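One structure is given below, represented as C-alpha cells, and several questions about it will come after.
Chain naming follows the written order as A, B and C, and within any one chain the residues start at number 1.
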Amino acid sequence: MSAYLISMTTYAGFFMILALALNLQWGLTGMVNFGIAGFYALGAYASGLLSAKAGWPLGLSIPAAVAVGLVAGGLVALLSMRLREDFLAIVTLGVGEMIRLVVLNEDQITEGPRGLRIDAQPFRDLVGQENYAIFYLCFVALFVAVTYAICERIRTGPMGRTLRAIREDDVVAGVLGKDVFRHRVQIFAIGGGFMGLAGALYAHYTQNISPEVFMPMVAMFIWMSVIVGGAGNNRGLLIGAGTVIMFLEGTRFIGDVIPSLDAEKMSALRIIIIGLLLIVTIRLRPRGLLPEPKFTYEPRKDAGKPARSPT
Amino acid sequence: MSLQILINALVNAALIAPPAMAFSLLFGILRFPNFAIGGYITVGAFAAYTLNVPLGLPLPLATAGAMAFTGLVVWLAHVLVFKPMEGQSAVTLLVVSIAVTLILESVIRLFYSADVRGFDIPLQRPYRIGEMRITKEQIEIIVLAVAMGTGLHLLLRYTRIGRAMRAVADNPMLASIRGVDAARVTTFTTVLCGAIFGLTGVFAGLDLVIEPLVGWNLTIPIFAAAILGGIGSPYGAILGAIVLGLAEELTILVLPSTYKIGVGFVIIAVLLLVRPQGLFGTVEIKK
Amino acid sequence: MPEPILSVAGLRSGYGRTVICDDISLSVAAGRITCIIGPNGAGKSTLLKTIAGVIRPMAGSVRVGGVEIAGELAAQVARSGMAYVPQEANIFRALTTHENLAMGGWIDESRTKDARDKVYAMFPDLAPLAKVPAGNLSGGQRQMVAFGMALMLEPRVLLLDEPSAGLSPLMVAQMFETVRRVNSEGVAILMVEQNAVQGLKSAHEGIVMASGRIVLQKPAKDLLTSADVSELYLGSRT
C-alpha cells in the first residue's frame, strides 16, 4: 500500500511542477497555455532519447530537456504574444498537438506508440532497488521545492509585480514597450523550461513513454489543478495538483467495484468527471477563468424582471 | 494524377466547408471560437451509426435522425453550459468548450468500444473516369455539401431569420434596440449549426472512420478554414475550405498522411501571424 | 394639457454600483423637440441609454404614451413607439442599406415596404446606395441610415444620442434640418447634443445637465440667450 502512496505522490510531484509552471505563464504573462502536454512531451522525449539512444548521461540530458522546453516556450511566446487570448490558447493547443503528432509519426526515432524504453535513472546504482521509489520521490520533491521557490521569487520580485499589474492593461503595457514584451517572452520560456523538467522527471520514472500520455487531457488536468487550488496562488496550486492526482488515482478503485468498466472506459469516466468539475467550478467562480478587466461596461444582457423601486 | 488530387481536395473541402461556415456563424454570434464542435461532430457520427447499424435504418433516414439528435445535444449544451456563462471572457468559454468536447467524446467511449466502425451501406466500386477514381459516397458528400452551402446562403440572404442572424452577429446591441430577441436568434443559430455538425459527422463516417476522435481531428482543419476565409464570414469559410482541401492533398504528396492535420495547424499559425483577418474577415484577433 | 408622450421621473442610473445620473425628471410633449446639453461626463448619454432600455435603471420611472417601460429590455422598449439611435455602432456594417432599413422594421414587417419607401423619399441620397453594405458608406450616409432605421416603425418618440458627432459642418446642418423635418411630421424628439448652439436652435425645450443632474430646464431660446449658460456651456464647441 505504501508503495502505492509513494507512486501517487511522485505523480503529484510532476503535476505540481507543471501547475507551477502554468501559473507562472498565466499569472504573469496572461497567456493561456493549452499546449502543456506538448512541452511535457518535449522534455520527456528530449531526455529520454538523449539518454536511451544517444547515450548521454543524465546530468546532461535532463538539463537538455529543460533547455528544449525553454526554447520552445520562448518561440511560442514570440510568435503568439500579440494574439487575442482565445486564439493564443488555440495556437498553444495546436503546438501541443503538433508535437504529439511528430512524436507519433517519427517512430523511427521515437518508437511512437510502441513506447520508448528508458533505462537510465538518476543515482540508480547508488541507491539500489529497495529504496529507489522513496529516493525518487525525494528527488522529485526537491525539484518541486526548487520550482516553487523560483516561481515565488519571480512572482514577488519587481518584474513580477509589474507584469501582474499590467497583465490585462495593454495600453500601459504598450507604453512600457519592448522591455515588457521581452520579459513576457522570458517568463513564458521559463515556464516552458519547467514543463520540460517535469517531462524528463516523468520519463525517467516510468521508464517507458509513448504519445498517448501527452494528450490535451493533460492540459485539462493541470488547468483543473490551478483552478481548484485558487488561481494565482502558488500554494493553493500544490493542493490543487494533489487533489487532482488523488482523484485520478482514487478512481482506479472504482474499476474494482464496477467490473464492467475496463481501463478504457474508466479513463473515459474520469475525463467526464473532471470535465464536469471544470465546468461547474468555472460556473461558480464569479471571475471565471481569468479575472475581469478593471473597468467593465455593463449594459443589460439579462432577462430580469422590471426594476420597480418605491419612489 | 493531378486531377485525382483535385478530386480528393474537393472531397476534403466538401467535408470541411459546411462545418466551417457553421463555425463562422457561431463565432459571429457567440464571439468565441467554440471547440465543442469536435464533440458535436462525433455525436453526429455515432448517432447516425447507431440508427444505421444496430437499429437498421437506411442511411438517409439515419442521417436525418443524427442531425436532429445533434441539434438537440447542441441545444442542451447551449442551455446548460454556454448560455449561463454568457458574460465570461472568450478564453473561459473556449476552455469550457474544449471540456464539453472531451466530455462528449468520453461519454461515447463509455458506451461504445474502441472498435473501428463503418456504416451499413452496400459496397460499391468507385467510379472511374479515365485515371481518376471517385466513390459514390464521395459524390454524395460533395452534392450534399453544395446543397447545404446553398441552403445556408439562401437562408442568410433572403429570409427574415437569416437577416436577424446576420444582424445579431454584426451588432447584437443594435439588434436588441431594433427589437430583435437576440436570445432566440442565438438559440436558433446554435441548433441549426448543430444539425450541420451532425451532418458533418455522417460525412466523416462515410469518408473517414467512425471513432471517438473523429470530431477532434476535424476541429483544427475546420478552424483553419474558418480563419483562412476570415472568421465571422461564412462565405469566406467556403473558400477557406477549398484552399485547405488543396493544401492537405498537396502536403500528403510529400509527407506521411498522418500529418494531414498538421497542415491545418500550420495554416492557422501562419495566418495568425501574418494576416489574422484571413481573406474576408473583419474581426479583431490581434490586440 | 395633453399628457407628455415621454415622461421620466426620479430616474437614477449608472454602471455596476457607480451612479452616473440621479433624480432625473423630465418630460417631452408630443411633437416637441427637447435638447439636452452639458459638459462631458455629465451623464447625458447614460441617461438616454437608460431611457432607451439599454441600461437598467436603478430607480425611477419612464413612461411612453402613458405606459411604464422602466426596467424593460431594449427589445421590449422598441415596441413601445420609442426609437433610439445610438451615437456609435448605430448601423449593421455587414448588411446593406436596404437590409439595415428592413431591420428597423423588424417588429412589424408588414409595414416595411411602405416605410422604406418613405425613408428613401426623405433621404434620396440613400436610394442608389440600397445594395451597398452599410460599413462601406461615408459617415454622413451612415448617419442617414441610422436615422432611417429608427423611423421605420413610425415612432412617436425619437431618442438621438449626439446625432451631429463626427459629421462635417455641412452634414451637421443637413442633419438638424432632417431633425426638424421629422419633427414636423409629429415625432417628438429627445436629443443629447455636444453641439449646444445648433442643438438648442433646433429645439423647443432645453435641458442643461451637469454631474449627473438636471441643472436648468427652460425653453431652448431662453437658454441660448442666458448669460451664465452662454459662458459655461455654449462656449464649448467640438
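Quick notes on this structure:
In the analysis below, a residue touches a chain if its C-beta (ideal position, glycine included) is under 8 Å from a C-beta of that chain, and two chains touch if they have at least 3 such contacts.
None of these values were measured; they are calculated from a predicted model.
Of all chains, the one whose mean C-alpha position sits at the greatest distance from that of subunit C is A. Between B-C and A-B, more C-beta contact pairs join the chains of A-B. Ranked by how close its C-alpha mean sits to the mean of all protein C-alpha atoms, the top chain is B. Once the centre of each chain is set as its mean CA position, subunit A and subunit C turn out to be 53 Å apart. Centre-to-centre spacing of subunit B and subunit C amounts to 42 Å, using the average Cα coordinate of each chain.
With centres set at the average Cα position, the gap from subunit A to subunit B is 29 Å. Among the residues of subunit C, those in touch with two or more other chains are 54, 73-74.
Along subunit A, residues 299, 303 each make contact with two or more other chains. The set of subunit B residues touching two or more other chains comprises 173. Those residues of subunit B lying in contact with subunit C across their complex are 160, 163-164, 166-167, 169-171, 173-182, 282.
Listed in rising order, the residues of subunit C touching subunit B in the complex are 52, 54, 73-75, 78-79, 84, 86, 89-95, 99, 102-104, 106-107, 109, 135, 149. Against subunit B, in their complex, subunit A makes its touches with residues 32, 34, 79-80, 82-87, 89-91, 93-95, 97-98, 101, 104-105, 170, 216-217, 220, 223, 264-265, 268-269, 271-272, 275-276, 278-279, 282-283, 288-290, 292, 299, 301, 303.
Remark: subunit B residues 32-33, 35, 81, 84-96, 98-100, 102-103, 105-107, 109-110, 113-114, 173, 183, 220, 223, 256, 258-259, 261-262, 265, 268-269, 272-273, 276, 284-287 touch subunit A in the complex.
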